[in-house]
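What follows is chain A paired twice: with chain B in the first complex and chain C in the second.
Showing the complex of A and B:
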């Protein structure tokens, strides 16, 4: 493919007469928000939601736990989100280290540009159209969120920020005010989608996916697997990713949501994910967090209906200058509900992982079962790891299992493996792969392969 | 000369405590050397220093393997030259299958000269030979292995990985008599093929089954006396104090 950067305004969902913006105003104002809403041709309720969110954002405090956000540069974000401010950073601006990794991973040229936010994902458009056709036949709505808001305003309104209201926390409010992009996926009753759907298919314009909003509604008896992100690093032109995912799992439906997050290290990744599961439904979260400088992410499942169940499987990796604060939340509100949390954290080169999880069993959740296992491995003496698995159990008739461990890689283990001819980096990656093995075996094969490749690369670079 | 250790002194890197205080040892291919000494005399440290454990630093002396100094080589490079250490306490590596580990190790040491199928067949045969429970091959490295099973796993590796020099650190502890016999016959067989052995032990038991070429008495960081099997008999009968006295005389 010819190596040319095409910027097509219409793809951003802005009307073409949008004037370029030359200077940024200091903060987020009503005017900016109204402009965004106007250019996106949104219904009134959405504009109102944005404005209300903005007000909440300005009123509430920063989260009182988690990562340090004092260096977050709001003015840059404001400049970026203004209509007409083109997301046209050039390939030359993408840091060399990121290009190097693309090279090593053998990522195709066009994909590299999309991942670094400077080009559109051309190839995926064809794939996307094919999938669209298939989905239409099944009666599935699979659209980017902007189009969904325009095409199905009443349907979207029933779900949009109903599970995570803007009052939830400061970055939920920010998201409500400035969200753009994302996916709307509506699966009608008893439809089982045969292949995993990827958010990637909808990433049709550069820089999309910084404040994306994703809604999945799985009607009674339906099944779907959704994949967000990929293990290749994604360069964030901005330094903030504040997306939101809301998933509605109706009676007996099954939803699997997989994420691999590898934002560039300048990124603050403050993401909110929540699922509501009705009777007999099943929700599965599979999350890999490797990138970003600072992350706060706690995928949550509310087990609302009798017999609902959920699993949350995660791998968090923090390397040099990274602080990743992650954890799973399970909230049991009905009898006979089940949940499983499996978390593995790895820190090296001074990285810091913090597991912050919640298991809550409500007073009506008798005969429920939950297991929490969170273990952390530190690869050197500079790295840090904490675990804070909180449990609130309000019913005596439940079965709860719990395991939390933090350990450091032992030099004797490395020596043992090296006496068998493995190099130091091979020995280390053996141990790390072994540590995450119980989690990796839950992943699709290509994810596992990419993950291993990533770990080997990180370890090699740390030994040098 | 396969291994030639000259006046080797070493200490722990952390506490700088001297543990090897001038070890001299020469070993030829196919020879079986026994190093006997009381607990805490530094026998395991000698094995670790030969293998290049970064926990220790050499302060004086030299280790030559096939006439070349190996002092600057990392542990894996020493393994590639053909030195193998069977651990007194083999380490557990959760999440990595034992058989997969054996194959990776073999490939690291010898390259691609055999197919996975051939290697696995060989591993199974060896497992049977040392009565190593075959189910353990599919388990994680040493995780949930009994003490005896760990030791059998070590000797299985020593055979499978085809080294030139095998250091067995207390291989006999934790093994029942039948297993000691099996291990001993394997040692004899390998020695006949030209593989050299350093057998570190503080029991005489294994010497009922293995015929050593040299017995060394090791006390407080040094080899204080070397001789034949009669030396082991003497220790068994009278204890290490016999040698201590002869040393001071």
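Showing the complex of A and C:
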């Protein structure tokens, strides 16, 4: 029986033709940062934040754990590219070249499904956005970050990099200096948005960084689901993605944040995501990491208010030349807080998945409950799968459980399914689909279909 | 040197945390080395000490995140003529010193024992059945270096150390378990709540070995225990059972690691810790299955009983897998003595104190069952548990 699986990424292996109109010089200087800020017509506080972040970036050390980033040449990464398209409000206005990229990534399907709003990011700026009037009437602010900074400077300032300050780590500082694009979503009290809001990010210029900043504020009693997806065409020189997501879940609010990450394999995906949950609030992270060459991503929830809760459900997939270091962090600071981490990973064709998680129960988090479960599937013998969950339980009055397993698909399982009439590749993809089911079942239909197609394609190419 | 953590895959390397180090105002140096060299009559050992000193003097002491060594001061060095049976080390034993060269909890502490040991034993068992009981006499400074070799036989080795006063103990034990040997290693640490203990146990396991390790750490201001087993052959079974009690504001930092190179081996790491007051137990486990280590079965389990609101338990159970024909898993539970259990037992006629004690003894029940020791050691164990559950 063949074990080898081949990754076919031709689906995203194309080069778009859109030409950028403005391209910053490679390398990071104070001058470039000031130029970016000037170009974006930003208020003084934002310019100061960028400059302060640049200073921190220059002084702070590289992360002392995780993937090796020694080949990441910052001088080659251009910080900012203004897209060749003007802002569009409807699909017809989006230029043909850009549409071509979106089409290969499935954006039109998503559009046809009439999801409530699409903020599609081409290069560093939002080029396409469609918000339903109904939501505007509800007082929901759903804007690209640049516009939000200009239109609501005081509101944005209250939240921007307050949860992840530039001192957090080197790539947070870098992000603070050169962030560009992203989404600002503000949901007023007691507003429940009935359908998921969606933003699709792309990056498509050689050697360019993608540093989108997303802020979601869910006021008391509100509810929202946000979907972030990203993919990138393939190039031979390095790409960096150092985005940031900050989510504020106020009293009794519910936020669900879904990500499907499918960057091309030359991308360093060094992303930071953090949520702060007040009393009785609920934060849900649903993450699928399938692309990039190297990833470091640890969505974190800080359970600050009494009775706050959070779940983090994730699938990480590493194939050929991929090293994905991912994990969830749950920090319980208040009594009666609950968290669930369910992490699954698949490694094949030499890929390396590394689960690195943190569960911290603080001194004042009595009567809290937490469970952590990590499962890894190794589909061949060229791959590597590691698990390193850290648990710090600093209160005796809690219930905590953890389990982890690393395994493969056994021949017996395959044999059994084949006796039931499935082919070998059907049997394998059946098992893998079952394995990723906890994430898939949370996704909207078109994402689930796409993911299943991806799995089938991978398995079939390995057997055939 | 065998690194504790190896995270490499093909040409990829993980960035590993590097512990910062500081040079203490007072460290052992050439004066202390001269002092002990004068008493040694074994040239193999004298040369070993000198060789390792070259590396030792270049290194500082670690600044650990989870155990505070800020107020740590190296005590005054002392050594007597009675260096122990390590003085009888032969060429075979010397080869074990050379071959079983592990990084340990920190290289500095491994070298500290290698260079300045003032006590040690050398045990060699071949085709025979031996049982040893080693009691370390109370002393302010105990620095041990032990070597054990066993092949085609049975060895049971119990090491026991206890102190009333503040003491410092740094120990390295290297064990080579060769073909068809059965080994039971029991370490009993009953050092006083003001003591510092740094224990390293390194084991190389060859073919068809059956090894059980019991590591007991009952209190101590800082109890660092580091056990690392390397499976070099096939068809062996190793079980590590760890039991710890911690209280006051004291910390135990326990590390149990297994690295699998050979085929068809089985490894189990099981840790039970009960913590009260503002005590803290850190339990780390590493199951590292290298490429080619087919049919490995590796399991790790950590259970904590947190007996007060301020008690702390940290656990980092890691699994690193390079080979897919394996079964590897770990599990963790954090329990407490909840009001319901106490209430239930009180309805059965127990007092509150009795109920609490009963539940703590229940948690450690398998320890009392597993270790059939000499009468007085069993009593020592029980009275320690009694004291711990009383107050």
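FYI, the second predicted complex is superposed on the first by the 350 of 464 C-alpha atoms of A that agree within 3 Å, B and C clash if a C-alpha of one lies under 4 Å from a C-alpha of the other, contacts with A are read in each partner's own complex, and residues count from 1 in each chain.
Everything below uses one rule, namely that a contact is a pair of C-beta atoms (placed from the backbone, for glycine too) under 8 Å apart; a residue touches a chain by one contact, two chains touch by 3 or more.
All of these numbers come straight from a predicted model, not from anything done at the bench.
In the superposition on chain A, A:420 contacts chain B only, with no contact to chain C.
Of the two partner chains placed by superposition, only chain C is touched by A:378; chain B is not. When the shared chain is aligned, chain B comes close enough to touch A:438, but chain C does not. Of the two partner chains, neither chain B nor chain C is touched by A:38. Between chain B and chain C, C contacts the larger number of chain A residues.
Of the residues of chain A, not a single one touches chain B in one of the two structures and chain C in the other. Residues 48, 51, 53-55, 74-76, 78-80, 84-85, 87, 90-96, 101, 104-105, 108-109, 140, 157, 161 of chain B are the ones that touch chain A when the two sit in their complex. Chain A contributes residues 410-413, 415-424, 426-427, 430-431, 433-438 to its touches with chain B in the complex. By the touch criterion given at the top, residues 7, 9-10, 12-18, 275, 291, 304, 306-334, 336 of chain C touch chain A in their complex. Put simply, chain A touches chain C in their complex at residues 62-69, 323, 325, 350, 352, 354, 363, 366, 372, 376, 378-381, 383-408.
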